[in-house]
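Below, each structure is written out as C-alpha cells.
Each of the next two complexes has chain A plus one other chain: chain B in the first, chain C in the second.
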Partner chain A sequence: MLPEFGFGTLFLAFLVAVYSVLAALIGERRRRPDLVESARRAQLLTWPLITLSAGTLVWLLVNNRFDVSFVYEVTSRSMPTYLKITAWWGGQAGSLVFWAWLMSAFASLVTLRKWDRDAEFLPWVILVTSITLAFFLGLVIFAENPFNRYWQTMSGDVVERMFRPAGSLPFFPQDGRGLNPLLRHPGMIVHPPLLYLGFVSFVIPYAFAMATLITGRTDDRWIHITRRWTLWAWLFLSLGLVFGGRWAYDVLGWGGYWGWDPVEIAAFMPWLTGTAFLHSVMIQEKRGMLKQWNMILIILTYDLVIFGTFLTRSGVLSSVHAFAQSAIGPAFFGFIGLTFVLSVALLLSRWTALRAEAEMKSMLSREALFLLNNLLFLSILIVCFWGVIFPLISELVTGQKVTVGPPFYERATAPLFAGMMALMAIAPLSAWGKSTWKTLGRAMWKPSVVALLVPIALWIGKMRNWAALIGFFLVALVTLVTLYEIWRAARARQKAQKETFPVALMRLFGRNRRRYGGYLVHISMMLMAIGILGIEIFQTETQGTIRLGQSLSLAGYEVRYDDIARFPAPDGREVTRAVVSVYRDDKYLGELHPRIDFYFDTQQTMTIPGQRSTLADDLYVLLVDWQPVSAEQATFKIYHNPLVNWLWLGALVFIAAILIAAWPQPEAEMVPVVVTSSGSRRARVGASD
Partner chain B sequence: MRRGLFPILLLTLLVILLWSPIRSVSAQGGTPTDDEVNRIARQLYCPVCENTPLDVCPTEACRQWRELIRQMLAEGKSEAEIKQYFVEHYGARVLSEPPRQGFNWIVYLAPPLLILSGVILLFRTLRGWVRPSDVDEEEIQELSDDPLVRKLEEDLRKRGS
Partner chain C sequence: MPKTKFLLGGLLILAAVVYLIFSSTAASAEYFMTIDELRAKGSSVIGKNLRISGAVIGDTIQYDPQTLTLTFEVAHVPGDNKEIEAQGGLAAVLHAAVTDSTRNRIKVVYVGPKPDLLRNEAQAIMTGHLGDDGIFYADELLLKCPTRYEEAVPQQTQP
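Let's turn to the complex of A and B:
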C-alpha cells in the first residue's frame, strides 16, 4: 500500500505542477489575477505533496522494504540507519525525487515573498520554476520510478512493475544489494545535498531573468531581487564541490581531491558561469552595462545545471560517478536543447532593449577588468566543456574511445587560473569609469615589490619550480592587495568616525557586507590556492612491500609497519587494519591505521587511508595489499601532500566570507556628507551610528 | 686503408654485440620496484574501470596489469614501448590524453581557437565602446551609498594624478 501512496502523491504533485504552468500562462494572457493566484497556490501545494512522497520513500528505505526495487538496489540490512536515509539520493530514481523536492521548496520560498512591486514577474517565475519541476517529476514518474516493486509471475520470473501484473505475487528478496561502498561515508550526508541545493537555487535567478525578458522590463530589478539567491546558490555549489573533494580525499584512496573526472567537471561548469555572473551583475548594477551578457551567463548557468544533472544521472559518460545508467538521457537532452533555444530566442527578441546605458570609458577601468575576468571564466568553461564532450564526439565520429584526463585540463587551465589571480590583484586597485597605467602602476608597485619577496625567499630556499614561484608570488600579491584595501578602508573609517580600529573594521564589514565579504572570498581563494599549488606541484609518493618492523621512507618521514589484523565489522564489512608508526628524524610522531574494507553485500573493496595532517603537509598512508598466507608482508603506498590543509582552511574562511556577503544588510546608515571648501568630501559621524 | 677498415668494422660490431647483452642484463638486474611500475601505471588508464588511473585502481585486473608492467620493465622494455603495448591491446583510451594525430587534433586546437576568438571579440567590442572622454564625476559618485566607500573609490581614481 505504501509504495502506491508514495507514487500517487508524486503523480498528484506532477499534475499540480502542470496545472500551475497552464494556470499561470492563461491567467497572464487573459489578465485573470485569480488564475495567477491559483497557479501560485498550486505551486505551493507541490512541496507538501513531494514531501509526503519522499517521506514514504525514506520510510521504505529505513524499514528494509526490499520488495521495492529502489530499496533493494541501494540498501541492505546491515547498513546503519543514517546511510539508509542518505541512500535516498544514493541511487538514480531517488536522487531525482530529491532534486524535485528541493526545486519545489525553493520555488515555494520564492513565491511566498512579497510581490507587490513586481507582480508582473510572478506568473512567469511560476511558469519557469514549475516547468522545471514538472520535467523532473515527469522523469521520475515515466522513466525512473523509485516505487516500482518486484512481482513473481506464474512462470516464476521476477518482474519490476509499479502495479501488480495479473496473476503475479509480490516478491520479497531477503536482503538488498546495498549501497555502493564509495557512498557509505558521512560525506554522503552533505556533499550531494549541497551540490543539488546549489544546482536548484540557480534556477531562481534564471526564472527571474526569463520573466524580465518576457515582460520586457529592461531595468535591473531582477538582479536586485535575486542577488541573495545567487549568492546562496553559489555558496551551496562551492561547498558541494569542496565537500566532494574532501570526500574523494578521504575515501577514494588516490591521494588527491580532484581528478578532473567528467562528473566533477559537470558540477564545476555551472560554478564557472555562476561565478562570472556574480561578478558581471555588479557592472550592470553600477554602470547599467552588460545587460545582454548577464542574460547569456544566467541562461548558460541554468542549462549547465541541467546538463550537470544529465551527465551525472544519464550514464552518458562512463566515470566513477556514473553508478546508475538509464534511458532518461534523450529526455534530458531534449529539455536542455529546448530551454536553451527558447531562452536565447527570447534574449534576441529583447536584444536592442538591453543596450548598455553607459559607455566604457577606458580599457583599464574596473568594468573592463571585470569583463576580462568573465573572459577567463568562460575560457576555463570552454576547456572543461570541450574536454568532457570530446570523448563522445570522438566515439561518434571515429568510433575510437579516448580519455581526456588531468594533463589536458591542467595544461590548459593553469595559465587561465594564473591570469585570474593576476586580475584579483589588479581589479580592486582599479577605479570605476577610468584608470590609467599611471594610476594603476602607482597603486600596484609597492605590493608587487613586497610580494616578490616570497618567490625570492623560496628561491633562496632552493625551490626551482617556476610554476610554483609564479603561483606563490600571485598568492602573496592578491593577499597583500586585498588586506591593504581592507586596512585602508578601516583606517579611513577610524579617522572619520573616531572609532577604535577593531570597531571600525567590524562596522566596515557590517555596512558594506558585499564589498568586503567579496574581498574576504578572494583571500579564502588564495588560501585554497596555497593548498592546490602544494599538492599539485610538490606531491611525492612511494610504494613498497615490507615485513613487520621494516619501514618505508618518504620526504623525511619513516613509516614503520607494526601490526595488522583482519576482523568483521558489524555493518557487513570485513576490515583489514594495519598499524604503522610514523617517525621524523627518529622522533616518534604517532600511529596511523590504513585499512582495507571489504563489503560482503556488494563484493567491493575500499582502501581507506591513514592520514597525519598538519598545516605544513599531510602524510597519507594506504594499505595496498596484504595476503593472510604471507602475513608478515604488506604493501603500503605513501603520499606526501605538502600544504594541502590550506585548501580546507580556505574553504572554512570561504563559508564565513559568503555568510558576511549574503547576510541581509541593515537599513542604510544615516551619514551626512560635508563638502569642504577645497571640494574634497569628508564623511562625518552620522546620527544613527 | 681499405684493409684497415674491415677490422675496425668488425671490432665495432663486436663491441656492440658484447655491450648489448650487458645492457639488458643490467636492466634485468633485480625486480623493478613498485615506484618504477607506478611511474608508468600513473600515465595509463584502467582499460575496464573507466577514468581510473592504473596506479590507483584497486581491482584484481589492474593488479595483474601492474604486474605486466613490472614484467615488461624487467625485460628491459622502455616506457614508450610499454605504453605502445597497452594502446595496441586496449585502444587509445588507456592514455591519459588522446594521441596527437588525425581527428584528435581537434581536442587540442578547438579551445585555443575559441578562446582566441573570444579575446578578439572582446577587444573589438571594447574598442567600439570606449569613448575616451572625461569621466562623469556625478555618475561615478552614485556608485555607492556609503560615503566612505565613495571616498575610497575616488582616491583610487585620483591616485597618481
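Let's turn to the complex of A and C:
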C-alpha cells in the first residue's frame, strides 16, 4: 500500500505542476489574473504532495522494505538509521525526488513573496520553475521510479514493476545490498544536500531573468529581487564543494581533496559562472553595464546546473561519484538543449533593450577590472569544459581517444587563478568610472611593500619554488590590501562620526554588508589558498612494511607501529585497526588509528586514515595491508600535508562572510522614512555599495 | 580610442587562454587505448602517456608488501561503450575476457598500496607508460567492479 501511496502523491504532484505551467501560460495570454492565481496555488500545492511522497520513501528506507527495489539497492539491515535516511539521495531515483522536493520548496518560497510591484513577472516565474519541476518529476515517474517493487512471476523470475503483474506474488528479499561504503559517512548528511541546495537555488534567479526577457521589463528589478537568492545559492554550492573535498580527504585515502574528476568539474562549472554572475550584477546595478553579459551568465549557470545534476547522477563518466547507472541521458540532454536554445533566442530578441547605459572608459576603472575578473572565470570554465569534452573531440577528429588528467587542469588554470588573485588585490582599490595608476599606486604601495616581505622571508628560509613564492606573495598582498582597505574605511568613519574604532568597524560592516562581507570572502579565499599551495606543492609521502615496534619517518616525524587488532563492528563491518605512535624530535605526540573496514554486505573494503592535524601540517597515516598470517608486520603509507588545515579554516571564515553579506537587511526602497517634528525628512539608506 | 584598447586587451586574454589550453593539452595528453590497439601500435607508443583499460585476471595478481610492488595481467576488453552493451554489459564482457585465453594480455606493474577493489574480473583503468620490456608501468590504477551494481534483481528467494 505504502509504495503505491508514495507513487500516487508524486504522480499528483506532477499533474499539479503541469497544470500550473498551463494555467500560468493561459492566464497570462488571456489576461486572466484568476488563472495566474490558480497557477500560483497549484505550485504551492506541489510541496506538500512531494513531501508526503518523500516522507513515504524515507519511511520505506528506514523500515527495511526491501521489496521496494530502491530500498533494496541502497540500504541494508546493518546500516544505522541516519544512513538509511541519507540513502534517500544515495541512489539516482531518490536523489531526483530530493531535487524535485527542493525545487518545489524554493518555488513555493518565491511565490509566497509580495508580488504587488512585480505582478507581470509572476506567471513567467511560475512557468519556468514549474517546467523545471515537472521535468524532474517526469523523470522520476516515467524513467526512474524509486517506488518500483519486486514481483515473482509464475515462471519464477523476479521482475521490477510499480504495479503487480498478473499472476505474480510479492517478492521480499531478506536483506538489501547496502549503500556503497564510500557513502557511509557523516559527510553524506551535508555534502549532497548542500550541493543540491546550491544547484536548485540558482534556478530562481534564472526564472526571474527569463521573466525579464519575456516581459521586456529590462530594468535591474530582477537582479534586486534575486540578489539574496544568488548569494545563498552561491554559499550552498561553495560549501557543497568544500565539504566534498573534506569528505574525499577523510575517506578516499589518497591524501588529497580534489582530483579534477569529471564529476567534480561538473559541480565546479556552475560555481564558476555563478561566481562571475555574482560579481558582474554589481556592475549592472552601479553602472547599468554588462546587462547582456549577466543574462548569458545566468543562462549558462542554469544549464550547467542541470548538466551537473545529470553528470553526478548518471554514471556516464567513470569517477568516484558514478554510483548510479541509467538511461535518462537523452532526456537530460534534450532538456538542456531545449532550455538553452530557447533562453538564447529570448536573449537575442531583447538584445538591443539590454544595451549598456554607459561606456567603459578606463582600463583601470572598477568596472573594467570586474569585467576582467569575469573573463578569467570564464577562461577557467573554458579550460574545464575543454578538459571534459576533449576525449570526445579527439575521437571525432583523429579517431584516437585522448584524455587529459589533473596535470592539464593544474597547468592551465594555475596562471588564471594567480591572475584572479592579482585582481582581488587591485580591484577593491580602483574607482568607478575612471582610475589611474597614480591613484591606485597611492593606495597600494604600502601593503605591497609589506607583502613583499613574505616571499623574501621564505627565500631566506630556503624556499626555492617559484610558483609557491609567487602564490604566497599574492596571498599576503590580497590579505593586506583588503585589511588595509577595511581599516582605512573604519578609521575614516571613526573620525567623521566620533565613534570608537570597534563601533566604527561594526557599523561599517552593518551599513555595507555586501561590500565588506565580500571583502571577508576574499580573505577566506586567501586562507584556502594557503592550504591549497601547501598541499599541492609541498606534499610528501613515504610507504613501507614494518614489524611491530619499528618506525617509518617522514618530514621530521617518526611513526611507530605498536599494535593491531581485528574485530567486528555492530554495523556489519569487520575492522582491522592499527595503533601507531607519533614522535617528533623524540617527543611523544600521540596515537593514531589507521584502519581497514571490510563491509560484509557489499564485500568491499575501505581504508580510513589516521590523521593528526595542526595549523602547520597534517600527518595522514594509512594502513595499507595486513594479513593475519604475517601478523608481525603491516604496510603503511604516510602523507605529510603542510598547511592543509588552512583550507578548512578558510571555509569557516567563508561561511561567516557570506552570512554577513546575505543577512536580511531592509532594502533601500523599503527603508522607513522618519518624519521629525520640524517636518524635515531623514531617510536611512541601508543597502548601498 | 578606448574601444581598440579593450579589444586588444580581450584578444590578449583570448590568446593567453588558447595558448594555456593547447600547451597544457600537449603536455599532459593521455592516449586512451585498448590492449589490442596497444599491441598493434607496438614500439611506437613506448614512453607516451597512456590510459588503458582491461579485465584483471585474478590468478596473476601478486603483491610484495615489502616493496609494495603489485603485478598482474589484464586481458583485452573493448573500449567502446556501445560495443560493451552489445556484448551483454560490462560484467559479461569482463567475464568473457578473463575466461578467453586467446585474448591479448599485458603484464602490469604498479608500485603502491594494493587497491581494495583489485580482484578477478574487475575492470582496471590504468595510466602510465609502456616499457621497452613490453610491461605496462602504471602510475595510477582505478578499479571498477560492475557485478555488484549491475545485477538488477536480487538473487536469493525469501518470501
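The rule is short, and it goes like this: the second predicted complex is superposed on the first by the 653 of 689 C-alpha atoms of A that agree within 3 Å, B and C clash if a C-alpha of one lies under 4 Å from a C-alpha of the other, contacts with A are read in each partner's own complex, and residues count from 1 in each chain.
The criterion applied here is as follows: contacts are C-beta pairs under 8 Å (C-beta built on N, C-alpha and C of every residue); 3 or more make two chains touch, one makes a residue touch a chain.
Just so it is clear, the structure is predicted and the values come from calculations on it, not from any experiment.
When both complexes are superposed on chain A, chain B and chain C end up clashing with one another.
Within the superposed three-chain model, A:G441 lies in touch with chain B and out of touch with chain C [touch as defined at top].
When the two structures are aligned on the shared chain, A:S430 is found in touch with chain B, with no touch to chain C. Of the two partner chains placed by the overlay, only chain C lies in contact with A:Y150; chain B stays clear of it. After overlaying the two complexes on the shared chain, residue contacts for A:K286 are found with chain B alone; chain C is out of touch. In the superposed pair of complexes, A:R488 makes contact with chain B only, with no contact to chain C. In the superposition on chain A, the chain among chain B and chain C reaching more residues of chain A is B.
Looking at the shared chain after the overlay, A:A422 reaches neither chain B nor chain C. In the superposed pair of complexes, A:P407 makes contact with chain B and with chain C alike. Contacts of A:M162 after superposition on the shared chain: neither chain B nor chain C is touched. By the document's definition of touching, of the two partners only chain C reaches A:Q603; chain B does not.
Annotation: chain A residues 318, 359-363, 368, 372, 375, 379, 382-383, 386, 390-391, 400-405, 407-408, 412, 543-545, 605, 607, 625, 635, 637 touch chain B in one complex and chain C in the other.
Those residues of chain A whose C-beta lies close enough to touch chain C in the complex are 66, 69, 72, 150, 152, 158-160, 169, 171-174, 177, 318, 323, 325, 359-363, 368, 372, 375-376, 379, 382-383, 386, 390-391, 400-405, 407-409, 411-412, 415-416, 543-545, 596, 602-607, 622, 624-625, 630, 633, 635, 637.
Against chain B, the residues of chain A that register as touching in their complex are 252-255, 259, 261-262, 286-287, 318-320, 356, 358-363, 368, 371-372, 375, 378-379, 382-383, 386-387, 390-391, 393-394, 397-398, 400-408, 412, 429-436, 438-439, 441-443, 488-489, 492-493, 496, 508, 511-512, 515, 541-545, 605, 607, 625, 635, 637, 668-669, 671, 673, 681-683.
Against chain A, in their complex, chain B makes its touches with residues 33-35, 38, 45, 49-53, 56, 58, 63, 91-99, 102-104, 106-107, 110-111, 114-115, 118-119, 122, 126, 129-133, 135-136, 139-140, 143-154, 156-161. Residue ranges of chain C in contact with chain A, taken from their complex: 2, 5-6, 9-10, 13, 16-17, 20-21, 23-25, 27-33, 51, 63, 65-66, 68, 79, 112-114, 116-117, 125, 127, 142, 144, 148-150, 152-154, 156-159.
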